Amino acid sequence: MEESITKPSTSRSTWVNRWQLFWGSFSGVPILGWLIGILGAVALEQLFGSAFAQLLGLSKVPVLFGFVIMLGHPRLIPGTLIYLLVIYALPIGIITQVGKSLTNKLAGYLLKFHLGISALVHIGLLFLVLHLWADISDYRDLVLRLTLIAIILTLSLNIVNGYLGEFSCSHPGFMALGAYAASVLTVLLFVEDKVFGSPLLAPNIGPFLFPIVLILAGLIAAIGALLVAIPSFRTRGDYLAIISLAFLFIVKSLIENLEIFGGSRGFMNQPNWANLSTVFVWTMLCIWTINNFVTSTMGKALNAVRDEETAANAMSVNTRRTKIIGFMFAAFWAGIAGGLFAHVMRYVNPGTFGIQKLAEVLAMVYFGGLNSVVGSIVGAVGFNLLSEALRPLELYKWIIIPLLLILVMLYRPSGLISFREFNIANLLKPKSTSDEEVEHVVTSD
Amino acid sequence: MTSFLQNLVNAMQWGSFYALIALGYSMVYGVLMLFNFAHGDIFMVGAYIGFFVSSGLIALSALGSLVLPSWLILSITILLAMFLTSFVGMLLERVGYRPLRSAPRASAAITGLMIGIILETGNLALLGAQRYKFPALIESTTYNLGGVFITNKKILIVFVSLLLMFALHQFVQRTKWGMAMRAMAYDYIVVPLMGVPINTIALLTFALGSALAAAAGILFGIAYPVLDPYMGILYGWKAFVAAILGGRGSIIGAALAGFLLGFIEIFVAAFISSTLRDLIAYSIILLILTFRPHGFFGEAYSARLRL
Amino acid sequence: MLLSVNNLRVSYGNIKALHGINFHIDEGEIVCIIGANGAGKSTTLRAISRLIPVEKETAITYMGKDLLDYSADKVVSELGISHVPEGRRLFGNLTVMENLKLATFSRKDKQKISQDVDRVFAIFPRLKERMSQKAGTLSGGEQQMLAVGRAFMSGREVMLLDEPSMGLAPLLMRDVFIALKEINQEGTTILLVEQNARMALQFAQRGYVLETGSIVLEGVSKDLLEDPKVKRAYLGA
Amino acid sequence: MSLLQIEKMTHYFGGLRAVHDYNLEIEPGQIRGLIGPNGAGKTTIFNLITGIYSPTEGRIHLEGKDLIGLQPHQVASLGLGRTFQNLRLWRHMTVLEHVMQARYSKLTYGVVGALLGTPKRYRQEAESERIAYELLDLVGVKHLADQVVINLPYGAQRRVEMARALAIEPKILFLDEPTAGMNLEELSQIMETIRRIHNEFDLTIFLIEHRMKFVMELCDVIQTLVFGEVIAEGTPEAIQNNPEVIDAYLGKEIET
């Protein structure tokens, strides 16, 4: 009797043991190793992806890790899984394992210089990976760019809703301000257009001035944020939520009424300047500045105002200034995200920036986690991938995603990864875990 | 002058919808300190329930198995739909909001937002993309009062709305249940010390709010017969802003603000431009809230609400 | 023994507010718990009223029943344990009469209710004058009277009082305590929590001294009043 | 001239008079005490001086500078540090972050420095961290620097508040019931800490307290407040023997 109970549990625990042993061997792989491994996989896909996909009976390379294919055509599941295994899992596994000691040494070597150098190398590798991955299809490229913009948007909303602890609903409004400001500037200055006539500047210098246009768009959004920030001196919480909501509606209907910008029909003809590298650079800049900000005493003042405003004030924190900075900084990045968005879609209309957009951004922030840079990245990427992956389910997608989010709210009311800082030095450092240590961990369990 | 009066009549009808929906937001917000972002969709669900109830009753009449006069069909539709929709509201409270009562309030707001999306999508999934037309429950007659045209539908809509608001006001002011609701709005932590079961009061609040939203949905269906799964988003959010403008948990405030919003919208559309409707309406709201941050009848709440 | 509290433990997050305290009250007694700000006095009362969760080691029995089986509203409506919370916490938007009526929410005995209202007005005539006034407009002393009156309406077996003397002028304080004594003589058991140690001990028959979540002394009021340790810690001698 | 000078300060909440005709002069280096029964208006006086409320009438001067109308953060950066009766800590922040946050007004790197991570920012933050550790050491909670405050016991939280108040480099430290919730043992430790702070910086201290023993041992001059009015002011001995104070503070005998 006893044996029959213990047997399955021992067999289970050997499986668990094996899994731990297997997984534990990866714990010594530094971020650098993973990036190189994935780079190998996407390079492989570049070279042999479509040929291999055809061999497996797939019409083309599975664009989003096969989710869409598997949900839409169940009989292609085995082929897709084999594809994922051969193109992704095996190469990544082999390269990370084989190169473990080398990549660790390399990561350690990089850290001998300024941290920024190491960070730049990692970011460069990441860009290479994303670029190669997105190169396979336009759809991948578009999804990736929109996801990166979503990261900017989520991070910036987290500044207000997470770090400053207000429930702001005006974010799509800031985004709209940025989108229209950037679009109008680029079209007016650099594009032959029915409304604005011939370009005021030579179109070929446009791409170089595009960053300036985006910054201007961000600044316009930031000025708009004053309208929400100033009432926040007197009122907090609920009434601020309403004020920000009213602001969103005002911006939206203001644009609808500006016939010169196309009114509710929308505004198009934006030049195609928001390619992957542009969006990527802006996203990295956003993560960098926001991470810098929230780890400084200046940025932590937002937390102090949120947790106990009276005490913050009594401890010499200028609470009004803090709120203004928080709102304007968040709106600035929302404006830039809007500008990028407009130039990715090359068409915007006021309907894009309504309640649905608000629900989407709020969902990403609260799904990922409040008060956390990593959380926002996870939230934006997770939400976007999920949303694309579930596309074959059509309508039911909008039942499954909300249900998932409700579950997250029930079990982790402040999101998956909340209140966690992002330590770059820790992230990039080599992993010291040697093989013996891994074994030790496993046997001691 | 006649055009002013004509628009006044229209505004009364338009304001009735906002006022009835706003009451539900306001009550839930007052009693439970919670933005029920799904309330607009309850309005939608109520309209659809009303559609099915009335269509069913009309079908029964047509078959001859249960011949009812049209006023009775209307009354039964309103009452039955209110009754059924109140269960939707109670379900929402029990499943969606009660588990989150001690969580940060933003989490509950997000949950409401998501429940709203589920209700909209669920409607589309169940009923498909085709638009349903609300059956004509009453024969339309138009009265001409010195150049001002008033239909019997408008009179009915305004009358029923005012009646429901009055009934709610009486309920909240006169009964012990209403008293408990007011007490919870003031300081819900110590309400259990009075021997009041707060979960029951929470359910009651949701039930009442949802019933009123259902009534609004049916009245809306009488005036504008085409139903749309997204009608909750279109009108609910505006009513929400009106509710807050009225002041936290204030029934009179919510009703007044609802009518005010109706008036602003109709008059802007009539005398300025219909495209500027939202812009002017929300600008006025923003102005009012800047100078009266707690709405018309609201009062600041404070740390007193904590234990 | 009417109410017995064993090993009462309460934590707020990771902070332990009560480290397992034991005490009991007999029927008809007046018992006080004294201690400095933050010692855990209010927490004790809130735990008995089930307003805050207790840890699993805790056992509270009331008339042989397990009190922890009851929810906060049932503690009042079924067990008859009323609670005058710290800072009175009246419903400022309700009238005096409505505050009293609300406290009878779960009571079915209509006739007895109106008798009780009369009784409250007899004890505190001031409240009768202000019957239809909003509770928020009352003065501090009147608010305290209403808070006691409200507890009187909601449950008559045991009354838990949290710092009834707070913010009251000495004369008003005396009035309130005289009224409480009267209510006690009609059969209501009283558990009083006070920072004002001398007054509490003069009023109660027995007392417990609470210090950072633990009971450090207990005894008959007269002995505690004489106790040099109590004197040194709380009476400033 | 005295360090802090308050003349005829009166304050109303709505129609309710909370503080009436309050006068105070604190000399540098003094430890002053303010006692009185619950609800007498002691904390209100702290809030009035530190700018959380603005007095209905009266004058407040710190080293000759008028404090009326200043925002609390301006008052704080002029040199009034305080603790709160019901601990007002930032629930998601660590002990170290608390103390560093109070250095806010001393940081000059500005928003741009914060966003771009300039060398000046890292230099100032490092300096701030060094000072924070010193202060944490002084009040005896250095070993808890990385803990999130809500996980700490009450006594430690009080010490964090004290270190935080010291980090703004106060000229006067206001302590609102520093011993609330402490047992007799912790009481003598906190008394020791306050003495150490006093000696280390030759700091002027103004404290509200309930425990007589504590006030009597620490303070040079004590005021007794009842219903918003000072009924007695003097040395500990004088206060202790004042029959009015004993009545007001310990409660009259009640005749039944």
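Note that the chains are named A, B, C and D in the order they appear, and that numbering of residues resets to 1 at the start of each chain.
Just so it is clear, contacts are C-beta pairs under 8 Å (C-beta built on N, C-alpha and C of every residue); 3 or more make two chains touch, one makes a residue touch a chain.
Please read these numbers as outputs of a predicted model, since none were measured by experiment.
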Review point. What is the distance in Å between the mean C-alpha positions of chain C and chain D?
Key: 32
Study note, to complete from the structure: Taking each chain's mean CA coordinate, chain A and chain C are separated, in whole Å, by 54
Practice item. Could you give the separation in Å between the centres of chain B and chain D, each centre being the mean of its C-alpha atoms? Key: 50
Check your understanding: What is the distance, in whole Å, between the centres of chain B and chain C, each centre taken as the mean of its C-alpha atoms?
Key -> 42
Practice item. Would you identify the shape of the chain contact graph, picking one of line, ring, star, complete or other? Key: ring
**Study point:** In contact (per the touch rule at the top): chain pairs
**Key:** A-B, A-D, B-C, C-D
**Study point:** Of chain D, residues touching chain C in the complex
**Key:** 37-39, 85, 150-154, 177, 179-184, 186, 210-213, 216, 227, 240, 247-256
Check your understanding: In the complex formed with chain A, which residues of chain D make contact?
Key -> 50, 52, 71-73, 76-77, 81-82, 84, 88-93, 97, 100-105, 107, 109-111, 113-117, 121, 125, 128, 164-165, 167-168
Exercise for review: Could you pull out which chain A residues touch chain B in their complex?
Suggested key: 161, 167, 227, 231, 234-235, 238-239, 241-243, 245-247, 249-250, 252-254, 256-257, 263, 355, 359, 362-363, 366, 395-396, 398-399, 402-403, 405-406, 409-410, 413-414
Check your understanding: Where on chain B does chain C make contact in their complex?
Key -> 176, 179-180, 182-183, 185-187, 189-190, 192-198, 304, 307
Exercise for review: State the interface residues of chain A toward chain D in the complex, per the touch definition above.
Suggested key: 289, 292-293, 296-301, 303-304, 307-308, 310-320, 325, 329, 371, 419
